[in-house]
Amino acid sequence: MAAQVDSISLLNDYPKEESPWRLVFRRFRKHKLAMISLGVMLVLFLITLFARQIAPFEVDEITVGNYFLKPGSVQEATGRVHLLGTDNLGRDLFSRLIYAGRISLTVALLSVVISSIIGVTIGAISGYYGGWVDNLLMRIVEFFLTIPSLPILLIISAMLLKNQDAIPIPQFLLELAGKLMLLEVREARQAVLIILVLAGLGWLTSAQLMRGMVLSLRNQTFVEAAKAMGAGGAWIILRHMIPNAMAPIIVDASLNMANYVVAEAALSFLGFGIQEPIPTWGNMLSATQAYMLDMPWLPLIPGLPIFLCSLAFNYIGDGLRDALDPRLKL
Amino acid sequence: MKIQNEQPVLTVRNLKTHFFTEDGVVKAVDGVDFDLYPGEILGLVGESGCGKSVTSLSILRLVGVPGKIVDGEIWFEGKNLLSLTENEMVAMRGNRMSMIFQQPQTSLNPVYKIGDQVAEVFTIHKNLPKKEAWDKAVELLHLVGIPDAEKKAHAFPHEMSGGQAQRVMIAMALALNPTLLIADEPTTALDVTIQAQIMDLILELREKMGTSVILITHDLGVIAEMADRVAVMYAGQIVEQATVQELFARPHHPYTKGLMGSIPVLGKVTRRLEVIPGSVPNLINLPQGCRFSPRCKARIEQSLEICLHENPMLVETGSNHLCRCWLYDGQMKSAGDLMEANHE
Amino acid sequence: MLGYIARRLVQMVGVVLISAVATYALLNLAPGGPMTGLRQQQQGRNRITAADIARIRAYYELDLYLPVRFSRWLIGHPRGPITVGGTEWFANTPIGCRQPIEKNVRNEKGKIETKVVGCNENVYLRDLEGRKVSRGILLGDFGASWKLLRDRPVSDLIMSRLPKTIELIGLSTLLSLLLGIPLGIYSAVKQYSRFDYIFTSLAFLGSAMPTFFFGILMILVFSILPKSAGLPYLPPGSASAVREYVVPLIGTIQPDTIADRLMHLVLPVITLTIVSVASWSRFIRASMLEVLRQDYVRTARAKGLKEKLVILKHALRNALIPFVTIVVFSIPSLFGGAIITETIFSWPGMGRLYFLALGDSDFPVAMAILFITAVLTVIATLIRDLVYTLIDPRIRYS
């Protein structure tokens, strides 16, 4: 009896288990570049959140005659500084960059949220119920994943944008999007359409991920137990499957953030996304092309933030993957 | 028992293999000594993570990054393996010394025919032409008891059962009649009936070829059946070494006793099986003193202070019997005898 | 095996048909079609008559019912009454409407909409005789372009652009394979080394870099800046020059010579190559690391194989298996081109054609490219599955 008590006291010498999220954060902190990226993105989000307060000029405030001012130029009349200079119409590039960031980041963020929700729902249904529904859905997903995505993205957004007034979008959605992106309601329509296109084509990988997770969880004991206790499909999916599948979904979402920032920029760059005069990093970059012969620094102004965001979200995704599932580490 | 007066074929001294990970240095093997005599089967036994597999990979010098052999000597056929060049070592592996593994099916390359995989040993070490090597391979497959070997040689690993795959692995390992065969849990992944067949095959080939074998397992039953001598490993060190009969009759180390207590014995009625409390220590932060001390009931019963401060040496505690425990240290001998008496 | 291929071919035809329907649906939903603007002109001074509209409608086959139109677009039929043994059948079956009756209706929102409420004059099957008809897209006839080369066959446009795309994509795919595979292998084999560290960092940067920004940087660094500094430079765009030009240290280059074409090829090829080397070599590295952890690699080493053989014979063969998918799926892009790169460098290939077609609302051209890309993707899927049976003995289809 004495020996037994002792063996229990022996066990107490072992360190206590950490809570899983603390452990994740501890591992994430080790990934220096991911931590730096997280910091950079927080700063960028804060800047764009306070776009109105930080931007020294209005988005389309035109100063006649002050075209192509060099970075750091001072307006003679008012003494205000154009930190990054002005564009071909005399608009302040720094201010436009901030407003553009607000739009680009919001579009990417909303697209990620929507596409994750769609992906998780479809993946969960597909994996949980199986059968012909699963078969059909996954065939469609596979097909769309194999054909090159950019041409489809382009043609759909080209058609939607040309038809934009004919597409019914609830007024309150437009107003909400307008508030989020500091746009007027009629301008917000374009942004909403782009979000719909990005999310509409972007849910495929999250659906595949979720389906895989559901399939592997379906036969585990806690799910069997829940079933035995009479829990319904929806309950099991919400209560047991989704929380357990969170890790890869979060990683996928952060990598998708990078993809959507780049995709939105690419669409705007090619002229099939959000159009001038609404500023986005993509259409600003496109506009600089015409003048880069004389002002070679000009493309860097809108180009670097795109690259920075893409890089940062990739690093964050990388760090999260390492932290959430060390087995996935390459 | 075998001929211990002969020269050992393999001598391992103070072998230390450490893994340099982000979290710290994992001392997987930390000062292992043993000898292996001609034709002998030495059982290396211990819980998973005690360093037995790393010991065997160290002998073949197959420990990959971030692992590194940091100290020690491995004498084999008159050479210290740790001072050979990589090319000299390559010539040894699969030729003078070879190894079979726990998962025979995944240990065979899925994209090559098994005949080719066996024949490869002849082409690389003996420069045999392809056709001749293939014929030899078929012959070997026949020898290890693969039925219809000519046809089966064309099969791919996924088309074979686990037992057959292990036979192929054995054929490959023994192709060039090596002096040393290391069998790392060769039957753990197999069905019980197949296990016995594979064990018999190893015993039979040992007799035929006179190969010395290091048999790594966590299964004391396998040890009792197969081995001539046993070394028990715990947390990167050998804690007890003896002949099979001696070890099973008179286990010395509290850990060995724990291992044996946790196996049901046919015909013996006990209220419950003994368990060793706790688990294998973290190999990065090893306990000070004896590595087993945090889990050692004997230490508490005997209230030994020294165990918590100093790691004991592996010393002779009987005829051909080595043990690493303060209970058997010189002045503590009486205490050890006392405990022995208590136990019986 | 043959049965499997046959089954797959049938499935493929199904997918191709679905793609065709989807393409056609998009094509018909597409705004900015040939009739755009006609209605506005009706109100203007140069009023076009109802007969004009009927003619234009007939020209674009808008006077036929949708299934008939689709069938003629897909397979080039029906072309007129069916003649069996000298008798014509179905000659008087109505297949469309020449002059619809339109009425302005007030909808629930109070706006006035024009709705078709009936038909003044039907089109019958016999009327199709002698009408111009394509052979159908299934036989490679994609009809005529709306804008880019008005009324010329889409296939002419495609054929004039295709060689340029194959040249660009083919060359960069080849280079990417030649560079990406060895880099990935080497980096995996030397994991944790300084080379691996630098390589993975660069590859990470490369795969996070948006192509359009990278392309612009390339133009800046290798064309604009050196040109203004009087150094040798590369031309920033197009596939060949219009007139001769002088490059410092290299000399005068005549337009459309081999030297000229090579000069123009360098920047787009490098851009595409770097982008795909970054992602391909990362893929190979990951796949190789996965394989190097496998038991059979340990066996190969325990057998006494030299490390070089372990890597090249036992590991690489397995590591390349998943990579086949990536290589096979670059076939469709060999046709479809690289939209962004070709656009930035004004490379007259398929990608830029697609871009221009979308910009000009030339949907027959865009749809043809999209449709062929989809078909090639389906074919690539079959090729991939067949290749897998050859290289991976674990996979057998029956």
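So that you can tell them apart, the chains are marked A, B and C in the order they are listed, and the count of residues begins at 1 in each.
Please note the rule applied: a residue touches a chain if its C-beta (ideal position, glycine included) is under 8 Å from a C-beta of that chain, and two chains touch if they have at least 3 such contacts.
Predicted, not measured: the structure shown is a model, and the values here were computed from it.
**Student:** More C-beta pairs touching across which pair, B-C or A-C?
**Tutor:** More contacting C-beta pairs are found at A-C.
**Student:** Of the other chains, whose C-alpha centre is the longest way from the centre of subunit A?
**Tutor:** Looking at centroid distances, B is the chain farthest away.
**Student:** Give me the ID of the chain with the smallest distance between its Cα centroid and the all-protein Cα centroid.
**Tutor:** Answer for the innermost chain: A.
**Student:** Measuring from the mean C-alpha position of subunit A to the mean C-alpha position of subunit B, what distance in angstrom results?
**Tutor:** Centres of subunit A and subunit B (C-alpha means) sit 52 Å apart.
**Student:** Using the average of all C-alpha atoms in each chain as its centre, how far is it in Å between subunit B and subunit C?
**Tutor:** 59
**Student:** Using mean CA coordinates as chain centres, what's the subunit A-subunit C distance in Å?
**Tutor:** The computed centroid separation for subunit A versus subunit C comes out at 27 Å.
**Student:** Mind pulling the subunit B residues that touch 2 or more other chains?
**Tutor:** none
**Student:** Considering only the defined contacts, which subunit C positions touch subunit A in the complex?
**Tutor:** Residues in contact with subunit A: 15, 26, 29-32, 204-205, 207-213, 216-217, 219-220, 224-225, 285-286, 289, 329, 332-333, 336, 339-340, 343-344, 354-355, 358-359, 361, 366, 369-370, 373-374, 377, 380-381.
**Student:** Spell out the residues on subunit B that touch subunit C in their complex, using ranges where they run on.
**Tutor:** Within the complex, subunit B contacts subunit C at residues 60, 62, 65-66, 86-87, 90-95, 98-99, 101, 103, 106-112, 120-121, 124-125, 156, 158, 169, 172-173.
**Student:** Using the touch definition from the top, list the residues of subunit A that touch subunit C in their complex.
**Tutor:** Per the stated touch rule, the residues are 143, 146-148, 150-152, 154-155, 158-159, 162-163, 166, 258, 262, 265-266, 269-272, 282, 285, 288-289, 292-293, 296, 299, 303, 306-307, 310-311, 314-315, 318, 330.
**Student:** Can you list the subunit C residues touching subunit B in their complex?
**Tutor:** Spelled out, the residues of subunit C in touch with subunit B are 191-192, 294-296, 298-307, 309, 314, 317-318, 321, 391-394.
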